[in-house]
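A, B, C, D and E are the chain letters, set down in written order, and residue numbers restart from 1 in every chain.
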């Protein structure tokens, strides 16, 4: 007979260290090697098995020590010295030390052609490979067993926060070599991953990989008894059960076959709050309405853009279509980000003013094509079509003709909006880490990008301001600069219309407690206390 | 007979070839694609373009097709980009196949076990209460959308009454040994009977949901064909011979009445895969239907291609088998 | 002479193959039929089911493409006609079918059915004339005018056959090929139709080719009778001559097999019971086609030489009486005596091209393949 | 192969005696329709009687009613059919099925559709014996081979394993006969056994029936629309029209002195192979189908040249023909007496 | 066999009350003709199953036609929007809005259900007509010409048939890139084309070999009239019956596609399948959002199916026994 894992060995009112946590995941992990991953479902699994040099304070987006206990930048902000935690071992027994760190960086930096495409996080954050022009990463030196020096090309606000990203987790050099972790190939339209990424991930994290049952769509992790971190795992086993359908996840939770799942549908929140442990995360995202004046010349006029903004009843939208805790956005970043400008007031819903602005601009009764995605649900936009409908109704109320343009998310929506092909479109962003550049930079640093700021007279200045601000080493000076930029963006530029920030939630059954919700979806599931 | 099989197989190959061509051209001409699905909103246009280049997606479609055929000839059908990234599309198919087969077989068993007796007795008591009742039931069965039924079933059996699991193929905390990946069978092979039982429990609800339409159709065909056969002269002959009721029912009525039913079962198999897309989505049942649905939303071309081609092939093969089965029961076809 | 058929053959290919169909053999449905029909005459053709009567009838009208042979109608070689000329020619030769219901389009009123042919040949110049013509036709076949607005299924079998005859008459043909015109009808109605056929022949000066398997019926209405066996004539004679002195063994057997509604005759009759069935036209016996069932078969020639239709020199037999038998004289004179024949088993439709049952869905399959689940 | 003229041997008391048989169809929403209306006749052991009449006159329904084979619903049967002392119409299905195939057997018109297409011939013959004589399968198959041989099927050992579609029409009908005779029934009902066959094959089958009846002394009810068949085979002939027997007499009598206008007309309308070809046939006007159902009066009246007022109002009864031989019964107000010309 | 058919016809007429007594030979009752369809209708008129189906269908069509008059409100204004809160996303029934809101947009569910009948009818009818049209074109081509045309068309149909139906529909829906009501209709109809084509071709081939077509050829009627006057009308029976059934399935298909997110995303003019598909988000909070459209679909599909099935029986000569 099969061995049902013994989940009732020790009673105890709170917590059960032999317990299994069954977690409903919305998708299968793409790969087990986080370096080649770029999606949340994969990272959720990685985060339980791996640690980076830096990490995040539970429940926040703030950088916190992880495998490095401390770090100091040089005065020019280009050389960083990390002190490493000692006595740490990878799951396979390989010791973690400065040598291992540098081997990891070397591995990440020296990707073959396919790997350079597959490791998207490195590409976007580090800007290149093998010392290519513009690459941020410049080298790693092991000063001694527990000291590492990393050089970067220019000072930037995101360093070293980005080292906390799961993609840059520390992996066992032995295992990387043994299972040929870098032997990635492009074949057909996809990548063929090496054995390492398929079945042998080895990190230093609290949970160890046990199995990925592809026929049953479950990933099983077990406790790493040698875990060196502070939060010791409180569960023996963590099983990710992949249930793509949202309603199915909810029903599985109700039926008790899973203990928790991510991204509950906001309409279910009230019920989940009542019957289960609904953990609401701090909002760390932004929903905006992108505008592109190159595609739609009407939008060149600031008055038109403002009119569009005033015409949207965002209070109503937030109240009726977004989860509780969602808020109307005043700028292109959520509150918690350094550089957020508290003094900015939201554009109030004012249809009269919108009409007036439109007539001033001579664009009363203008028409606009509004794009929105289908086949997708995102934390910042749980139901795009409903948001679209609300905005459409608002705009029509001020005499704007709205042509809907729905497009499947992966069926061209992303490419076309990101390539600056859409006049007005719904889009959003969830932060990777707590830097203003992660928001503003992502939207505007490319003058020819999605909102094509380069097409405006102020575009060039704006782009330059952004990159200057990012290079300021001093945190408070940097924050101040960003506050100014935010104010400019909202009052003078208004290249797009930030709509709202919504707090996503994660839900556990009443039996489970002890998991702190994280704005970065960096939940430490291993700290769950399962009361079975 | 052999010639007939050969002929059908050759036709199937032709059909598959044309299908693969159409499929390939069509998929590539869609907007968006796997790169969008993989990179999401994060990547810059440059990143996207570079990735398309690396993956060869920017080549002209005929070039891509030739490459695909070349690879396919070498047994390489590409790797998944979305359903289970990096997995060979064909092994993905093999991984998911057992689940769907298991589900379909269960559904067909449920459908047959209920539809045939019910159809027979409805025809026997033509116009009676049982007849009218079951006809209405079958018509309603056809009219209820499968996914809605799935929800309702789950709502009662899993959430309200906690009788059966709402999702998945096997309880995750069960450490079952895998042999064939047919879980019920595996449990029997390894004598882990609780694993079999657990798998069966996971199968019941989706199988019921999946079985409704085949049930309704098989029921209707059985009823109609039993009605026909009952009117046949040879049944009257059998009665005139004074044969016992059992012999008349088995040898003379049912054996003949089953002929159209067998054909229908073949046609139903195509429908089952269709139903599986919905059922497996509703029940998070990790089979081919689920993979298909995911492959569509993630624009996973290689997987889509393999799954659709395999579905077509499977359909052809199953219907060939059905024809052969038909030939076994119907001597008029066999002795050609 | 109105119609002259010379050595007409209709062979249906039997096709089979893995990818592409190859012809693996032929059904020799009609295999060398020659006959002449004179203007105003009724020619009767009898034979067992499957011997090729209908196929020959259709081949005469070019409704079936003859494999070989020539058909001359009123001096025109039909096989040379094509397309529009052939279509135009059709008004001269019409057909009456066995199954009166299935040969009438169930969705057309009698009026539409009758007008169709006239329209196709431009005979309906003006409405009044067309209507007069319709009335004339109906009167000729004994149907009231009220029938015009009705549909075929509203009539009885005999009435339908009248409609079929009226339709054939509608284009004013010279020749009518009647393929089993009465065999689907009840005995009492059969006589009505036979009488009708004779009436209209007189009235319109028609020439008939009447095909039937009932020898008595054929003999009754025909001037000359041809007996067909397995794709070819075995005997041809004036109707009375044939009954008086049947020469071919098959004809003799056929005649002795026809039951006569008179107990006294029946009790006295000598019966020749033929052994076995008609052989398959896909594998016709060599030599004389009848030798497998012939009680007078001789070892010398019957199995190898195919007898020609020939005149015989027997007393009391006129020259118009022709027979295809090597030993007709000896049989007639009693020189040869019948012997018993062991029946050879004949498989029905062996090797016949049948509608490929499993190719397009097994037989008995739901005719409505909505087996596609609704609601997917 | 020639056969001597056939002289039936007629036994004593009736084996089957049908009295006032009435069969009505209809029910919910449909008007009731009387398909058989007071049919009475007797069959003596060893006797062959004929039931002739046109399509739809109720011949088959009569025989099916006797066999208890009418559809389970939608019909009403009245009267009696006494076989060997028991009224068959009162038996339940189980009792009937014990007798069917053993005491009374039946052959149907269409030999192909009367055989189960998916069961080998041998099994279909053998199953009767398994059911009624308790034979084991192998034994029953052995018997069937002998039976097939007896009805003149060549190579019976091979045919045993073949399916109906592999047999020709004549052989199928022979197989059906073999099936019917398997348990040596005392009464055989043959419902148009040769209608679907060619004349030469018909002659073969009739020959087989003749021999069998003589050899085993079985009584035979021969149902046909072909007066010629009746003339050569039957002792007694019953002519049916629209659900009733209109005339009944011995075979010589009925052909020599047909008195009912219908019988008369029927004989006149058939072209005879041995008759003269001159002149038109004496067609009976109209058709049976035109004239069902009728309400009161003689059913044949609408088509009858002799009909008068009384024929339309009053239904005649079946009674002894005053001028005919004993046993010649007639249901007519204005019979055509010998020597008169009906056409006048 | 033929005589049996005659008898059947006689019986059918009898049941229909035509031609009871024909006193004289050859006499034909002096009434207008009754076509096959008319006599089928006489039979159907007494069939309760058909009548139920017909009633449901007629009601549905009437509601669809008069929807704007019947609906208490319009379908796009968020009347109850002000009541929508994160804690109560779907306001319930209340005065003037007996079924409450249709979701977070605060529109009136009842009105949308009523208005939805129209769109549903449009989708059903258009999809069926499109499928029928495609099927008739292909089937007529194959059936009328035979030979290589038949082979080519039928192989094409085989390819289409060898794909499971929903897969085909999904494929087509995706093909357009931009989903809308029309892609939905095309997707559903494409699935039907091969079925209609096969059906039609089958009966056309049977007609081609039939005596009445042979008779028309013998009369010298041209190929066009033979095809369109004789073969096509007589072959349409099963196809039209199938069409009634397809009406039902296409409504359900629309729901399935919407469920998979491939339906018409624009819900300003509601459609039941779309409503049901979108209701999955609210399945736990407000099951009525799924229940009502589902119930409507079931009833209407049931109505169509009843009608189609009884039509099929009425037109099928076998069932007239």
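Here is the rule we go by: contacts are C-beta pairs under 8 Å (C-beta built on N, C-alpha and C of every residue); 3 or more make two chains touch, one makes a residue touch a chain.
Just so we're on the same page, UniProt names per chain: B, E = ABC transporter permease; C, D = ABC transporter ATP-binding protein.
As the structure is a prediction and not an experimental result, all values here were calculated from the model.
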From subunit D, the most remote chain by mean C-alpha position: A
Pair of chains whose C-beta contact count is the highest in the structure: A-B
Separation of mean Cα positions, subunit E and subunit C [Å, integer]: 45
Between subunit B and subunit C, centroid-to-centroid distance (C-alpha), Å: 52
Centre-to-centre distance between subunit D and subunit A (centres being mean Cα positions), rounded to whole Å: 91
Centre-to-centre distance between subunit E and subunit B (centres being mean Cα positions), rounded to whole Å: 25
Sequence positions of subunit A contacting 2 or more other chains: 247, 251, 254, 375, 407-408, 411-412
Residues of subunit C engaged with two or more neighbouring chains: 156-158, 186, 192, 369, 372-376
Overlap residues in subunit D, where contacts from two or more other chains coincide: 55, 110, 165-166, 285, 287, 289-290
Footprint of subunit C on subunit D - complex, ascending: 1-3, 5-6, 54-55, 152, 154-155, 158-159, 165-171, 198-204, 206-207, 225-232, 251-252, 255, 265-274, 277, 280-285, 287-290
Subunit B - residues contacting subunit A, complex: 30-45, 47-48, 50-51, 54-57, 68, 71, 76-89, 92, 95-96, 98-99, 151, 154-155, 158-159, 162, 165-178, 181, 183, 187, 190-195, 281-284, 286, 290, 293-294, 297-302
Of subunit E, residues touching subunit A in the complex: 76, 78, 81-82, 84-90, 103-106, 174, 177-180, 261-262, 265-268, 280-285
Residue numbers on subunit C that touch subunit D, as the complex places them: 48-49, 156-158, 186-192, 194-195, 198, 213-217, 219-221, 239-240, 243, 253-278, 295, 340-348
Subunit D residues within the subunit B interface of the complex: 64, 67, 69, 73, 96-102, 105-106, 108, 110, 113-120, 123, 127-128, 131-132, 163, 165-166, 176, 179
